[in-house]
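Shared between the two complexes below is chain A, which has chain B as its partner in the first and chain C in the second.
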Partner chain A sequence: MKKYYYWFILIALIIVLILLPKPLIVSPTVSTTLTVLLGLALVVVLVLTLRGHMIGRRTVFLFIGMSLTLPFFMNFQMPIKVSPEVQTLFDAMAKLPSGSKVLAAFDYDPPSAPELQPQAEAFMAYAFKHDLKVIIMGLWPQGPQQANMAIAKVLQQPGIRAKNLRYGVDYVNLGFQSGNEFVIQRMGTSFSGMFPRDIYNTDYDKIPLLNGVENFSNIDFVFNLSAGYPGTVEWVQIAVDRYGVKVGAGNTAVQAPSVYPYLSSHKLTGLAGGMSGAAEFEQATKEIGKANTYILSQSFSHMVVIAFIIIGNAALFVSYRKSKQKGA
Partner chain B sequence: MDSALIGTWLAALLTLGIMSFIYKDNLYYKVCEAIFIGISAGYWFITYFWDSLYRKAWVGIVHQGDYILLGGVILGAMMLTRLFGKIGWIARWPLAFIVGATAGLKMMVYFTTNAMAQVHGTVNDMMAAFSGGDLYDLIGRLVILIGTVTGLIYFYFSKEHKGVFGGVAKVGTWFLMITFGASFGYTVMSRMSLLLGRIDFLLTDWLKLVK
Partner chain C sequence: MKREIPLIITFVAGVAFVLQYFIPHYPFSRFENIFSDWFAIVGAFAIWLGALSLMKLSLLNISKKSHDWPISLVIIICFLSIVIAGAIDGYHGLNNVPATSFRDPGTNFDWLYQNVYTPLSSTMFAILAFFVASASYRAFRARNTAATLLLFSAFFVMIGRVPVGDYLSGWLPERMQLSHWANWLMAFPNTAGQRAVMIGIALGTVSTSLRIMLGIERSHLEG
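Entry: the complex of A and B
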């Protein structure tokens, strides 16, 4: 019976959560109390560690889980300052006149969606509201599907729905193309060579938006959402360096450090990196979405990680002192 | 019952199954892991089958008469000879083609974008900061310059890291450690985002506790 004890707890917890009133948002006072309690619990863990009671890894997981989950129910608004690299990205988009053709390269898949999907939705909403013509493609198989999800979501906004945007005229999805950076290379001379049909099997020549779009010289801006290879690095190396296109990017946090050098060498026109970049991008475009909700959870979890780095170091010193005493 | 609802419940139960590994390895986790790996492998196979073999090769050659694609098909078939012991050496030819083509493309782009452009950017911005930039910008550019030079010196192994040279290399080590620390920080941020996505799914789409 003891073997199944935790499973009973889990099932009971799920039932309680299902029965709770919805949506569950606590007041700012309760939010502050919860935050203080979380902080106090961490202090208790630190004190216990200093007294030689080492905590297990599951306690760390529990704290991380709580720090990520609790903010969803809190009524806090985090102040977000737009960084220069995101501002540059937004400025480049803001300079585009109505009717400009923007190539949106969706080079990511569902695992990276928490960081990149909010950027995709903010970008799409901004582009549609400002009458930019969006040409979608993907070097990752699931990228164009992520694009379709973003479009479906932003088309629900009354302001965008009222515009009666038409597929093939205001936006088009060319789908996925295998070949990694060689696809970008070939697109430098011929888009239709790489994408003879769109995602719905319509011939390239029969899509009104693509009339006159032969290669990168007919594109005003490239917005790349990237989670790795092939992605922003390849877009900069080939599309920017070889064909002189302006490329702005939204990256996962894990990839952002490798892309920053391109920003300082002015090869990349702006960068929104990770969840913080996504939240800043939403702020800059005034398309507030999921990233602004997520950033509070992420900030909480970062505080917990920092606290555990301190606790871990305290544990190291305690064990070091103990072994020294034993040695003496 | 609504198919979307079944899908949401299935996804939620699979998510919980994967998360159960946090407690300890168990059968529920193993089943979810096997389903994930199986579906991923199947998805990739089907994607590449329809995209590369059907849409590109079959449609291209049979329906559009683009016979140059036959070269790719033959090279692809040669790759499979690796599975047959004695003629496995044939697979080296397409591999050599891939390595050659990739190296040819990458060599130039890396040299221009990752080497020349970076040197140009570092020096040029440094000069611009000296001639008219603010103090904050100048300090930032100086840090980049010192970091670049000392980092390169650290990787210069033809001279022993002793004396002034060793000291400079040590500074380079510090810059590298700070860089790795920043990368680690970003990686933590990314991994938290992955978990955040799943928690959001559980709370919003499944339990509907938040909007």
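Entry: the complex of A and C
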């Protein structure tokens, strides 16, 4: 029984938080108090470690659980500074005149949605507000579904609803196509070769938005949301390198470091990496959404992980000291 | 001939791929389209093959009552549920004017996607946060110089990539702020390391491809 009590505490805490009236946001004073209590609890763990009482992984899990859930109910405002990579991405989008055709490649699935869906929603909202024509496709089967979810959400905004955007005229969803990077390669010569019909089974030639869109030379910008393979690396290697199209990307935090070489060589026109990239992208586009809420949880969890790294090194220091004493 | 014919096919296909990449003009440009179409078709069949293989394996597990067979039952039920929901919605969608897709909001497929598939797969991925934290606690220890460098890099990137970094160091000059350090680490040491990995992978890919095309490497013909 004893070994499960951490889980009982966590589950009870989650149930209490779920049952509370929504939206529950505690005052800044309570938020600060909770943060101080969390910090003091970590200090207690550090002191216990220095005294030789090593903590188990369940304690780490408990602290991570609290650091992820509590910020959802806190009232904290933190400055979100737009990084150079995100600014480059936004600048490239801001330069597009009304009526520009933008290809949005949704190459991710639900597990990566917390990081990428806010970017998708901010992109869609920005594109629709600035009269950009959006052509959606996916190299991942779930991608076009994620695009539909983003569109359904942004179409509820009064400013966008008032525009009476029409499917097939202002945006189109071509769906998923198997073939990974070969799909991109084929699109270099013919879009319709890879996507003969859209998700509604409408022939390519009968979609007004796609009139005159033969290949990448008719596309002004590609925005790729990627969570792995196939994704941004393939878009850069084929669409940018072979066909010279401008590609900007939103990546998961895990993938973002691997595409940095393409940023410094200016092959990739901007990058929004992970949750922080998503929050910065929302700030840049002024489409504040979920990422600006989630980033607080991520901030807290990062601080807790750093605290546990310090505690882990304290444990290492204690074990060195003990072994030295034994040796003496 | 059992070995020679596959080797000839491999060599011809490999050379054709190289030519179509470096000479994007007729007739080589046609190769590109043909190969891309073939690859998409093979990819589509691979999806079917994967699905059927999963079903076959799960049915075998159930019939043999092998270890964890109820999980196989869950796989089959989930697979059939989403396929049937998608097929029914898709069938109705084609008859609608204007046509609707099984992916549209409000369909059975969309309900399963949003309320079953998305939470389950997100939960699996979210568990990583707990394991990463536990692993960081155990692994990021200053045992030697290399480990200490890794430790400090992790510290600066973790704190500098979230707003709390600027919140804590906002009073410092711009170039001394934690986000600046994190950006520098990502833009220079990280890029240098990633480039080295990329170049290494590219050279490895070229040499392995040449070995396969020239028939030196024949492991793909075995089995």
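Quick note on the criterion: the second predicted complex is superposed on the first by the 307 of 328 C-alpha atoms of A that agree within 3 Å, B and C clash if a C-alpha of one lies under 4 Å from a C-alpha of the other, contacts with A are read in each partner's own complex, and residues count from 1 in each chain.
The definition used in the following text is that a residue touches a chain if its C-beta (ideal position, glycine included) is under 8 Å from a C-beta of that chain, and two chains touch if they have at least 3 such contacts.
Nothing here was measured: the structure is a model prediction, and the numbers come from that model.
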item	value
Partner chain in contact with A:Phe182 - chain B first, chain C second, else both or neither	both
Partner chain(s) touched by A:Ile199 [first = chain B, second = chain C, both, neither]	second
First (chain B), second (chain C), both or neither touched by A:Val305	both
Which superposed partner A:Ile80 touches (first chain B, second chain C, both, neither)	second
Which superposed partner A:Ala279 touches (first chain B, second chain C, both, neither)	second
First (chain B), second (chain C), both or neither touched by A:Thr69	first
Chain B/chain C common contact set on chain A	61, 64-65, 68, 111-114, 141, 177-178, 182, 185, 242, 253, 257, 261, 264, 274, 276, 298, 301-302, 305
Touching residues (chain side chain A, partner chain C) in the complex	57, 60-61, 63-65, 68, 78-81, 83-84, 109-114, 141-142, 144-145, 148-149, 152, 173, 177-180, 182-183, 185-186, 189-190, 193-194, 199-202, 242, 253, 257-258, 260-261, 263-264, 274, 276, 279, 295-296, 298-306, 308-309, 311-313, 316
In the complex, chain C residues that touch chain A	24, 29, 32-33, 35-37, 39-40, 43-44, 46-47, 93-94, 98-101, 103-105, 110, 113-114, 117-118, 121-122, 124-126, 129-130, 132-134, 136-138, 140-143, 151, 154-155, 158-159, 161-164, 166-167, 170, 179, 183, 186-187, 190-191, 194-195, 198
Touch list for chain A against partner chain B, complex	6, 10, 17-18, 20, 22-25, 58, 61, 64-65, 68-69, 72-73, 111-115, 141, 176-178, 181-182, 185, 236-238, 240-242, 252-254, 256-257, 261-262, 264-267, 273-276, 290, 293-294, 297-298, 301-302, 305
Touching residues on chain B, where the partner in the complex is chain A	16, 22-23, 43-44, 47-48, 51-52, 56, 101, 105, 109-110, 112-114, 117-118, 120-122, 125, 144, 179, 182-183, 186-197, 199-200, 203, 207-211
